[in-house]
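First the structure, in the form of structure tokens, and then the observations on it.
Order as written gives the chain letters A, B, C, D, E and F; numbering starts at 1 within each chain.
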Amino acid sequence: MDVILFLIFALIAVVCAINVVVQTHPISSALSLVGVMGSLAILYLLLGAEFIAAAQVIVYAGAIMVLFVFVIMLLNAGAETKKGRSYLIPGAPLLVVFLGLTAYYVQRLFPANTMVTFGGFTKGGPREIGEALFTTYLLPFEVTSVLILVAIVGAIVLARKEIE
Amino acid sequence: MMTAVPISWFLTLSAILFALGVAGFLFRRNIITVFMSIELMLNAVNLSFVTFSYQHKEVAGHLFTFFVMVVAAAEAAVGLAIILTVFKNRSTLNIDDVNSMKN
Amino acid sequence: MQLWLIPTFPLAGFLINGIFGRRFSKSLVNTVAIGSVLLSFLWVLKTVLALGDLNTAHLEHYFTWIQSGVPGGNHYINIGCDFAIDRLTVVMLFVVTGIGSLIHIYSIGYMAHEHGPNFGGYYRFFAYLNLFMFFMLVLVLGASYLLLFVGWEGVGLCSYLLIGFYFDKKFATTAGNKAFIVNRIGDFGFSLAMFYIFINFGSLDFDKVFHQAASAPEWVLTTIGLLLMVGACGKSAQIPLYIWLPDAMAGPTPVSALIHAATMVTAGVYMTARSWVIYTHAPGAMDVIAIVGIATAFMAATIGLAQTDIKKVFAYSTVSQLGYMFVGVGSGAFSAGVYHLMTHAFFKALLFLGAGSVIHALSGEQDMRNMGGLRKKIPITFWTMCCAWVAISGIPPFSGFFSKDAILLAAYQHSPAIYWIGVLTAGLTAFYVSRAMFMTFFGAYRGKAHPHESPAVMWVPLAILAALSLFGGMLFKIPEFLKASFPAEAEVENPMLMYISVAAGLSGIAIAYIMYLAKTGMADSLARTFSAPYRLIYNKYFVDEIYDATVVNPILGGSRIVLWKGIDSGVIDGLANGIASRCRDVGGILRLLQSGSIRSYASWILFGGVVLIVAMGLFGGLPR
Amino acid sequence: MLPDNLKEYPVAAAVEAFDADAVTGGKFEFSELTLEILASKISSVCGFLKYDQKFIRLSTVTAVDRFPAEPRFELVYHLHSIDRNERLRLKARISGADPVIESVTGVWRSANWYEREVFDLFGVRFTNHPDLRRILMPDDWEGHPLRKDYPITGTRV
Amino acid sequence: MSDLGVPELLAETEEQQAATGGRRMVLNMGPQHPSTHGVLRLLLELDGENIASCVPDIGFLHTGIEKEFEVKNYQQAVTLTDRVDYLAPLSNNLGYCLAVEKLLQLEIPPQAQWMRVLLAELTRLNSHLVWLGTHALDIGAMSVFLYCFREREEILKIFEMFSGQRMMTSYFRIGGLALEPPRGWQDRVKRFLAIFPSRIDEYENLLTNNRIWLGRTKGVGFISLEDMLDLGITGPMLRGAGLKIDTRKDAPYSSYEKFDFEVPTQTANDVFARYQVRIEEMRQSTRIITQALEGMPAGPWKADAPHVVLPDREKMKTQMEALIYHFKIVTEGFRVPQGEVFQVIESPRGELGYYIVSEGTTKPYRVHMRTPSFGNLQAVPRMVEGTLIADVIAAIGSMDFVLGDTDR
Amino acid sequence: MELLDSFIVISLIKAAVIFGVLMTTLAYLQWVERKVIAHVQVRPGPYRVGPHGLLQPLADVIKLITKEDLVPPYVNKLPYLAAPFLAITMALLSISVIPFGPEITVGPVKTFMQMTDLNIGVLFILAASSMGVYGIALAGWASNNKYSLIGGLRSSAQMISYELPMSLAIAAPLLISNTLSLRNLVEAQSGSILNWNILGGGQIVSFIIFIIAAFAETNRVPFDLPEAENELVAGFHTEYSSMKFASFFMAEYANMITVSAMATLLFLGGWKAPWSAEYGSSLVPAAIFGIAAAVLFYHGANAHRKRDKLTFPAFGAIFVVIAAIFLLPMVQGWLLPLFWFSAKTGGILFLFMWIRATLPRFRYDQLMGFTWKFLFPVAMLNLLVTAFLVAWFAK
């Protein structure tokens, strides 16, 4: 059951991710990315990360990507043009090597006997996250809130109509 | 019938997604798509975090994921604002046209 | 017991008024400001009633504030946010919240016509006052030096803000800066003292420090004591750091009364008294305090003789009285110092508020030469100020008498020389206060404005303070109350000394009467006769000018010539420029890598990542 | 040449005083004052009337086709002074062969559409007009419907 | 009327486009759009939601009425005037009849004059009700629309009672009224007057203090008084800018001088001010109607001019002379002496002027209508440029134009 | 495996029942809205199809289904077709975790009156609703129409902005009830009306903020800018027809139902009666239907029209039967909660309609200003105060 679920959503994620890369129109890429995020949310659930799964959908898919879509619509951006040099020659071999190495080491470092089953880890609920967040990780949490504030100010300053 | 998934599968998936993100970054020319590729990489990393969290039966990985999300939100806000400004000033979204750092 | 509520009320008042005050009506601002302080006062009352005799301190721990290192380790720091309350604290709490409340109420009347710069003055004033109350209460309640220091700095900040309240006037902002900078010197000493305490005792909590203090070597305690004294000198305006206080009168009069007479400036005395364990084991430091105290008392009193600005007179009087308190604590009579602190708070607040009332009545006139004969025109102010007059002059059985007497008694035990200077100072005190009273209220009116009595919100606090000035000394026998806090003090009785000081006070009044009422020309002729000394004290011993010449100008000049022109431009800039140009040369080569295109950077990063993984696989710990 | 019987009207007299050549005639009927103005002077007279005589509003501009008489077109301007609560009609005649007259949009911006309408329906051209396009009829329409020689039944579209 | 493409006026050069970051978008509002009240077309150039420029395009409802006048005889032409401003037909009837009567120098009996005032004011109410309803609907308050139409229905029923027609009544004729006022009309009008003021309060309850309504209308659609006069705006819009101008007071016609009413003004000069002015005008119209109803003089309802006015049916059948007149008027019409007049009245929308040139025949030589909507509409660009799309709706709603009145 | 089977079977049955009821409700909600608005505007509303237009929804459905399904040229096909599907899916998805009543026993089976009980139910609904914006944004963009584009832009900005105060408003009652499961949330409010979050929790402010944000989230007057017909013709669905148009329509109404149910669950005590059964709350529905029946009988007896003589008593009889059913003890266990839940949700839905009939529409900048400058700070403050109080009392 878990394997089937994993395979289905891993497949969706990979296909959508490929789509992100190959689609020429940004809005198609954005929608594919939403697909990746959605399937990742399911995988998170499988890993017992309920809260992160919900946050993934609410924050990532529901807010950040909407922002992307909004901007794409606002700029009325069309399909991209083939201009400038291509990085296919240095990039593609490097990527293949990178991926191969990573996959190899992952397989070596994590022998197949560590298994994931649904329900194998149940401490990913909002309560546990909240407790950790407001005790051990209070300082990072506060720092991120400051970061968000700075980001808001920065975004407003940047997006202002006229910059005196 | 195998009912459990080896943990390395998750990590491999994460690696694949990350590589695809890098590919998007390298091969695409539209700033917004490039930006989205970064988001894809972040997502891939998040998946590893959550997987590690499962492996160690620790909630810490979730928190890192959470922080990554928050930072991604901030980054998206500022980044998109920058893109808007760039587009306003240059009326192009091609990343190779934005090269005033050169020279 | 929820001690934290005591400072929280004023803080809440500050936040509410500070944030929303601009939109509030004046009455709403009043309600918030005064309500918060009154609530605080009531909570103090409730706390004290509930806590009983308080022979031992009552401590409350709220949260861990700063924590560093490993528990039990060498450099383990654990500073909590703790409040403590003992008898000394109770006295201070009552003084701060009680007089604070009265002055808040008084301010309604005094500031009624205030718009302040940008029409935001009214709420701003009350917000600052509330903030001051908050910090002062933190200072008093804090159970460690660090928390005390928080309050200490906080009140300094409020003092700065309130002195510079009329920030559109140059002299006000200058005075504010002066107060702030001079206090920094003192705070520097305080900080050093704290570092030293921490190094030696490993903690800043009062109980832990004092517990270990008895067994510490004397030179350590003396060093700590002297450094603390530097801090106290700054805050409590002692020689040589007193110069900011007279200038601080640029702020509104209620500020002068609250901060620069009754509460903040006594923080140094409080701190010294609080550290009595350290001082009793460091007699050398005590001697220094006593000498500084008496010197300040005498010098300020002489300056006070010749001032014509009514607030300046009281400002120097404050400096002088603070010197008295230092004499008290320096002589080992901590309770007497605190006693005088309290009575002084009553009558000096009253004097300032009365002066404020006079100024208010004369629409801003502050020069005593333009006053006179106001006795009939503003009778309530006059009569209340009379109460302060007799109190400060040390006439028995009014409050000043008791506390001053206690100090002088202790001083005599300590050193008769200090006693005799103290007596002389007492006479001078009586003289200049009487002079001020005579010039203001007696004789013929010399001004132009039309005096009018102040409203009830102003004179009711005056009346309460007058009652306290008269009977406060009898009602609140501080030395007995504080016996539990300062067990080391010896009790002495010497009626002879008492008669001498009373006589000094009375003669001061009498001389003033002769010079300013009976023979009105006499003061001027005396001034002409002794023109050199007169000029000296009229110009406050030229202390400010001396500081300018000896400290300020050399530093300025030195900075300009040596640091800026020489080191900064020559050495540092040259070095930096040289390095920069070399870097540019190297960068020119590396620049070839920088295509300016983001994607090429990304390729390089990816390349680096691959190299890293390969390297780790080959040489790192990764499995083959 | 202002008719003598109109001299008593201050506006008429003022225009006469401003530019005697400009006035070619006039009448006062139904308690409405009409001045006939030389076509070439219309803009300057209008400017004078607006700024000097407080005819702040231009109520309407229209034309009358006197076909087959010549000069064929009468341009009619209705002016309104709010201050004096007074109205004034100006008339200018132009020939049918080359119907051109100076625009008064420089004086009143409201003349814009009225002149476009006259251009559209009568074929009178206005010089110095900022945007002389057809307004009511389609852009590619042929003919000018309000001319007397335009058939009442129109043409099939 | 232009083709539905973008006119050259808007086609900017490459540089201009680049200067705005290429973000400008041309939006074709109309001719088919819910809020342009017919077939107005606005070409809006948008920068985000801001209007960078606006070009109105009219003519989609052009019917050539001015040309048609020239082939109808004077009395027949009355029916054409109804069709011009289909929301205030009687005002147009009145303007035309007054102009012709001026040429004929005809004396109209008092009852006819008062009846004309009464019906003209009802027309004003009718028009303002439609305006208020549609304006509120544009801003999103849909109920007001139906409430207004409920009252308008009453007015239309009154018209129907008088003339047998609800909208194109042609009830005013040269020389008086078309028909004798019907029996019981007073009761009908009285009943209407009894309820109407409270209904105005009802509209105001829904709108005047509504925060959203205020937010949408206050400060919106501002245009300075100088610009208004220069661009030829008239009517309630001018009064919303503080200018007390009303032809009924300045040059009274049809014995308006005998009525006691106020000319409401506002100074804010925005959409809300115009709203307030019109609401107050409705109250004033109610006042005038009440006065007309109470003080209605007795007497004939058409002029004593046998060569112009058709004789009574009864007379025609009994008197030879009347029959001859009837025959002549019907077959040939009546001749109007040579001359030209410009008759101005205050229509609900502003200054309505009829310029008639007569050559002494039975048909007018030239009729020009100075219609308020046409004059007002020129100011649209001035009013909306620099505002938001939603403000365009509010602003053009506040102008209260009728496209029939604009295009004729 | 038997357990699994029965779980799946029960879930399927529940899904079927809920789907059927929901679709009917959606259709009739439209009818109710038209009737309500019509009566506010003193007109009868739908009247022709069936008695009082009762069959109007059916007619509408038939019309929409049989209409030509037009796909304009120049649209971006895939997103254009996906958008309505996305909108309706996301709208219906959230209903699956909404509970309608307590645990009930039907024959041998014990089950919850709910599709599925997630312990992060609230987060699930937030997630689903945050995805709903894609439908509208995509529809606007894909239509390749300027009005649609502006509508889509407006809606994405609006929905993101209003999601913030909405989430904050939701968080406050969650703090009080200390759970994210909707079922537990309701259980925490059991007792009388004084235990509901709106009163007992003092969450009246969050309730109001929630309702305001809900209006905006569902694009209803006065926040219906994305489809403001007087400005943008029909906004994002200008280019849609037939069933695709109906999908948007249904999505809007489904969202209305969702947010109303959410408000009921979060603030109004869900299916709990306002006072306990011992004081007779179980008699209320019977009484209401009884009174309705009595009124019908009376008017039937004094009928103005001939047919009323028959129809009124007939409906009265039906009402009597319904009232009687409410009195049956065996069905009270599930019927009463359902009644209260529907009554509360219906009340909020009525509010939606009432507001639509009354208020004008905001302008875009005012709308954004309203949420960022007013709603968001207030919601924040409310949350802080609530958190403070909860912490205070928890200690």
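Definition applied: a contact is a pair of C-beta atoms (placed from the backbone, for glycine too) under 8 Å apart; a residue touches a chain by one contact, two chains touch by 3 or more.
The model shown is predicted, which means the values in this text are computed figures rather than measured ones.
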{"item": "Number of hops, subunit D to subunit F, where each hop joins two touching chains", "value": "2"}
{"item": "Top chain pair, ranked by number of contacting C-beta pairs", "value": "A-B"}
{"item": "Centre-most chain [mean C-alpha coordinates]", "value": "F"}
{"item": "Label of the chain whose CA centroid is most distant from the centroid of subunit D", "value": "C"}
{"item": "Averaged-CA centre spacing for the pair subunit F and subunit E, given as whole angstrom", "value": "45"}
{"item": "Approximate Å spacing (C-alpha centroids) for the pair subunit C, subunit E", "value": "79"}
{"item": "Subunit B and subunit E, separation of their C-alpha mean positions in angstrom", "value": "63"}
{"item": "For subunit D paired with subunit E, centre-to-centre distance based on mean C-alpha positions, whole Å", "value": "25"}
{"item": "Set of subunit C residues in contact with two or more other chains", "value": "597, 599, 602-603, 606"}
{"item": "Junction residues of subunit B, two or more chains touched", "value": "22, 26, 87, 95-96"}
{"item": "Touch list for subunit A against partner subunit B, complex", "value": "1-3, 6, 10, 13-14, 17-18, 20-21, 26, 29-30, 33, 36-37, 40, 43-44, 46-49, 51-52, 55-56, 59-60, 63-65, 67-68, 71-72, 74-75, 77, 80-88, 91-92, 95, 98-99, 102-103, 106-107, 109-117, 120-121, 123-124, 128-129, 132-133, 137, 140, 144, 147-148, 150-152, 154-156, 158-159"}
{"item": "Subunit E residues touching subunit D - in the complex, by the definition given at the top", "value": "1-3, 7, 9, 58-59, 62, 64, 66-68, 70-71, 102-103, 229-232, 243, 245, 250-251, 339-342, 344, 351, 353, 355, 357, 365-366, 368, 370, 374-375, 377-378, 407-408"}
{"item": "Residues on subunit F engaged by subunit A in the complex (per definition of touch)", "value": "76, 78-79, 119-120, 123-124, 126-127, 130-131, 133-134, 137-138, 140-141, 149, 152-153, 156-157, 159-160, 163, 180"}
{"item": "Partner subunit E, residues of subunit F touching it in the complex", "value": "37, 40-43, 146-147, 150, 221-222, 224-225, 228-233, 356-366"}
{"item": "Interfacial residue positions of subunit A with respect to subunit F in the complex", "value": "27-28, 31, 34, 50-51, 54-55, 57-58, 61-63, 66-67, 69-70, 73-74, 76, 125-126"}
